[in-house]
Amino acid sequence: MLALRWLSALALIVVLSLLFWRYAHPASIATASRRRAAAARYATHPSAVIALLALLALYVIAALAPWLATHDPIALLPQSFVNHPPSRELLFGTDYVGRDVFSRVLFGTRLSLSIALLATVLSVLLGTAYGLIAGFVGGALDTAMMRLVDAFLAIPRIVLLIAIGALWAPLGVTSLVLILGLTAWFGTSRLVRAEVLSLRERDMVAAARALGARDLAIVRRHVLPNVLTPVIVSATLGVAGVIINEATLSFLGIGISDPAPSLGNIIRDGSPFIATAWWAALFPGLALVITAMAYNLAGDGLRDAMDPRQVDR
Amino acid sequence: MRRLLARRLLQGLAVVWLVGTLTFTLLHLAPGDAFSYHDRHIPADVIERWRHIYCLDRPLVAQYGCYLRSMASGNLGYSISQQRPVLDILIDYVPRTIELMFFSLLLSFVAGIGLGVLEARHRGGFPDWGSRAIALFFYSMPDFWLALMLVLLFAYWVPILPISGMEDVINGPSFSGWQRLVDHARHLVLPVISLVLLTCAAIARFQRAAMLDVMRMEFVVTARAKGVSENVISRHHVLRNALLPIITVAGLTLPSLLGGAVLVELVFSWPGMGYITAAAIGNRDYALVMASVLVSSVLVVLGNVAADLLYALADPRVRAA
Amino acid sequence: MTEPLLSVQDLRTYFRTSAGVARAVDGVSFEIAPNESVGVVGESGCGKSVTSLSLLRLIQRPGSIEPGSKIAFEGTDLLALDDEAMRKIRGNRIAMIFQEPMTALNPVFTVGAQLAEVPRVHSSIGKRDAWARAVEMLGTVGIPDPAERAKSYPHQLSGGMRQRVMIGMALMLSPSLLIADEPTTALDVTIQAQILELLADLRARTAMSVLLITHDLGVVAESTSRVIVMYAGEIVEQADVRELFAKPHHPYTEGLMAAMPRAGTKRERLTVIPGAVPSPYDWPAGCRFHARCPYAWERCEREHPPLYQIGAGHVSRCHLAVEPERRNTPHVPLAAQIGARA
């Protein structure tokens, strides 16, 4: 279990660094200057810059959770500390069995961030592949594939998640990542397909075709780089949604289950005692809102920066 | 117009069929079936009979046919947790969810459109970014947590509104018709506020963008040249045009609104579809959970058809076509 | 001469953007007499549309009319009015029509409602009376079956009909000045003539003045009595229409006329003025036309020409007025040399 988590974290780091490396060393000078311009535009949005800093801080906090935590997130304090209000010792108070909420929120943030990131990477890969295939093959296959996406989009995401969760409960971390990722790619696939369709009409792809380039080469050389921008934006905004969905599942008791802390199940533990011990539900929720807001703001900033036509819309 | 409606309904039907197939697939991928988890005191032969009625003892293709047939005839299965047909349960609970959604959608639109217009008129100024910041704050909030915070606020700190159920269980039976209505409305307030706060942010965002788009159009200059005041321009000329895309947005917000309703119902114990769905999870009541997936997608599809129709009615260019 | 209806003095309309200051209209002065028809011609980007919008104070951020500009209309200083007083003049005393009636009319309201709105915003007239006047006006501008057509939406009318609607809307309150910004550009040639005829007819009947903005000298020749030629945010020549066509003075006016297709002349292709209109962010020093001018000499690069008096009511912003002999030695303009090399 622990090994798996480390493995997935490692995989994530590899994926991200590859992405960043590709981004930092673009193929041409033109793309490089375009990216510099985008970065400059991003920097002009104070809210986006704050969001980026907040995200960095959140990840640092998540990484340092074991050192920042004041207590063991799972250990129970003595009976007299059950539902203890916030104090100098217990910053966010304790929950109904006497666990330190501050430490649980730290570890919960860590778990929520990792799950959301992994699930988003999964959904982006899936959605991109799906959209590429639908857009490139076209015809009846495209229609069928897109109707399927329509069907998925017609089901409220959380209802779908609840249904799946109910069938397979209880979920482990891995299956939670899988389920969240498998239900988050529909929008991305539509986006990618639309981009592919518009690119297919453009001259460079037609020219590459005429020169006898193979489909795969066209996808790699022309389509993927162009699709990257909208996909990154939608992924950034998507993380916020996945974090909220994960919390919702855990709140409903079909996500991460006790005693492991996730932001959702800390709120779940606190909700029956909301009247008397509000801190146990308030603080993890605030952590959730801050995280989701940071991702939403960063995503908005990225969109404005990468697509100047859409500024202020 | 009629052809548009027919085509939309047909498309919607296809989507519902796909969703049905999807739920069928999910059910069969899952470990166990609808009758694997039940109270111990149901005799084995009874369960066998249920399995037979729902074709679970037959090959997969036959099961699929059987499933589609029973869905089409409105037989959505048997709820083991409530010991009665799923359809009966839905007939009891779905209208309450629709009631909640109707008021939420209505208020979300009034609030969202109002905010969007305000933001667009004061673009770049304090009302604009202030309202957008607040909207983003609520937009980034999990539905259930917002509902919980409202419970905390109204139940314990400012106890002026009921926080659970849809009627006063103690005094309710003695209420007259009018009192009962007021009581019901009071119970609606908090669930509706939660959903409105969550939804109107998205609507305001679209409305603002639509207003800014329309404000760039030439007929706005014409209206100014006619001597129409800025207030009337934005309320009359621009808004009428900017409302058209928002009708489509209504259809698009339905899934998330419905999803939000599930959680909000749970927190406020509003006895609707979401409430029983959440209850069904714990009982492994497969039939009920799957039926709620199907029904919610039907609601979404119908909502989208309604939005398309409304759009056609509102836009003279489409109406004529 | 009678008191002018409109007097514009040193009008400057600048757009202050992050890219710098665009001096779209840069010191324009002219007058319009009652019942006079004046044409403003120039290429797109010369500032003629911004001038017309400035007259009604319809310039939106980041544009603004600079202090020191003066617009006097019927004796009132328009730039000194508060917003509400200015609003009461728009559509009432000064009306305006636009190039593309499809986009200039609101697509979700009936044309009758859009006409009826004009008296409704300027007086306390009832809904029914306003509608009746709208129908009457639609008849006046030559729309058949006006009572029925008033219930149509813009997209249900033809382009010519829509422009008639626009004109009717502008004339609802019998303004004393009508500003027509490229009213015929988007229309077929035959419809163009009908619309111009309608405008002339209405002007004769109502004693209003018309300021006609266009890039088409042919339109100006047909329907105005005086012409203002604009280039790079300035007036470069102004004269009586007959005088201008007979004796154009500014090389830019000459260029515009040479670019005009004329019946009866067999020319392989139209002469086009070489180069493009310079950027309003950075007007050239000296004469703003010098790079495109076949007569330009060293003085034109150095010294910004004033408006020289050429004849009675005829002014031209060209140093040829003082060194007329230069006209005998044309050369290839600078812009064409660069263009040929590129």
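Should a chain be cited, it is by its letter among A, B and C, assigned in written order, with residues numbered from 1 in that chain.
Note that in this section a residue touches a chain if its C-beta (ideal position, glycine included) is under 8 Å from a C-beta of that chain, and two chains touch if they have at least 3 such contacts.
Being a predicted model, the structure only gives us computed values, none of them experimental.
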- request: If every chain is a node and every touching pair an edge, decide which shape results: line, ring, star, complete or other.
  value: line
Task: Give the chain pair that accounts for the most C-beta pairs in contact.
output: A-B
- line: Cα centre of chain B to Cα centre of chain C, whole Å, reads 54
Field: Centroid spacing, where centroids are CA-atom means, of chain A and chain C in whole angstrom
entry: 55
Field: For chain A paired with chain B, centre-to-centre distance based on mean C-alpha positions, whole Å
entry: 24
Statement: Among chain B residues, those touching two or more other chains are none
- request: Using the touch rule from the top, collect the residues of chain B that touch chain A in their complex.
  value: 14-16, 18-19, 22-23, 26-27, 29-31, 123, 133, 136-137, 139-145, 148-149, 151-152, 155-156, 209, 212-213, 255-256, 258-260, 262-263, 266-267, 277-278, 280-282, 284, 286, 289-290, 292-293, 296-297, 300-301, 304
Statement: chain A contacts chain B in the complex at 47, 147-148, 150-160, 162-169, 240, 244, 247-248, 251-254, 264, 267, 271, 274-275, 278, 281-282, 285, 288-289, 292-293, 296-297, 312-313
- prompt: What does chain B use to touch chain C in their complex?
  reply: 217-219, 221-229, 232, 237, 240-241, 244, 314-317, 320
- request: Would you pull the chain C residues touching chain B in the complex into a rising list?
  value: 53, 56, 58, 84, 87-92, 95-96, 98, 100, 103-109, 117-118, 121-122, 153, 155-156, 166, 169
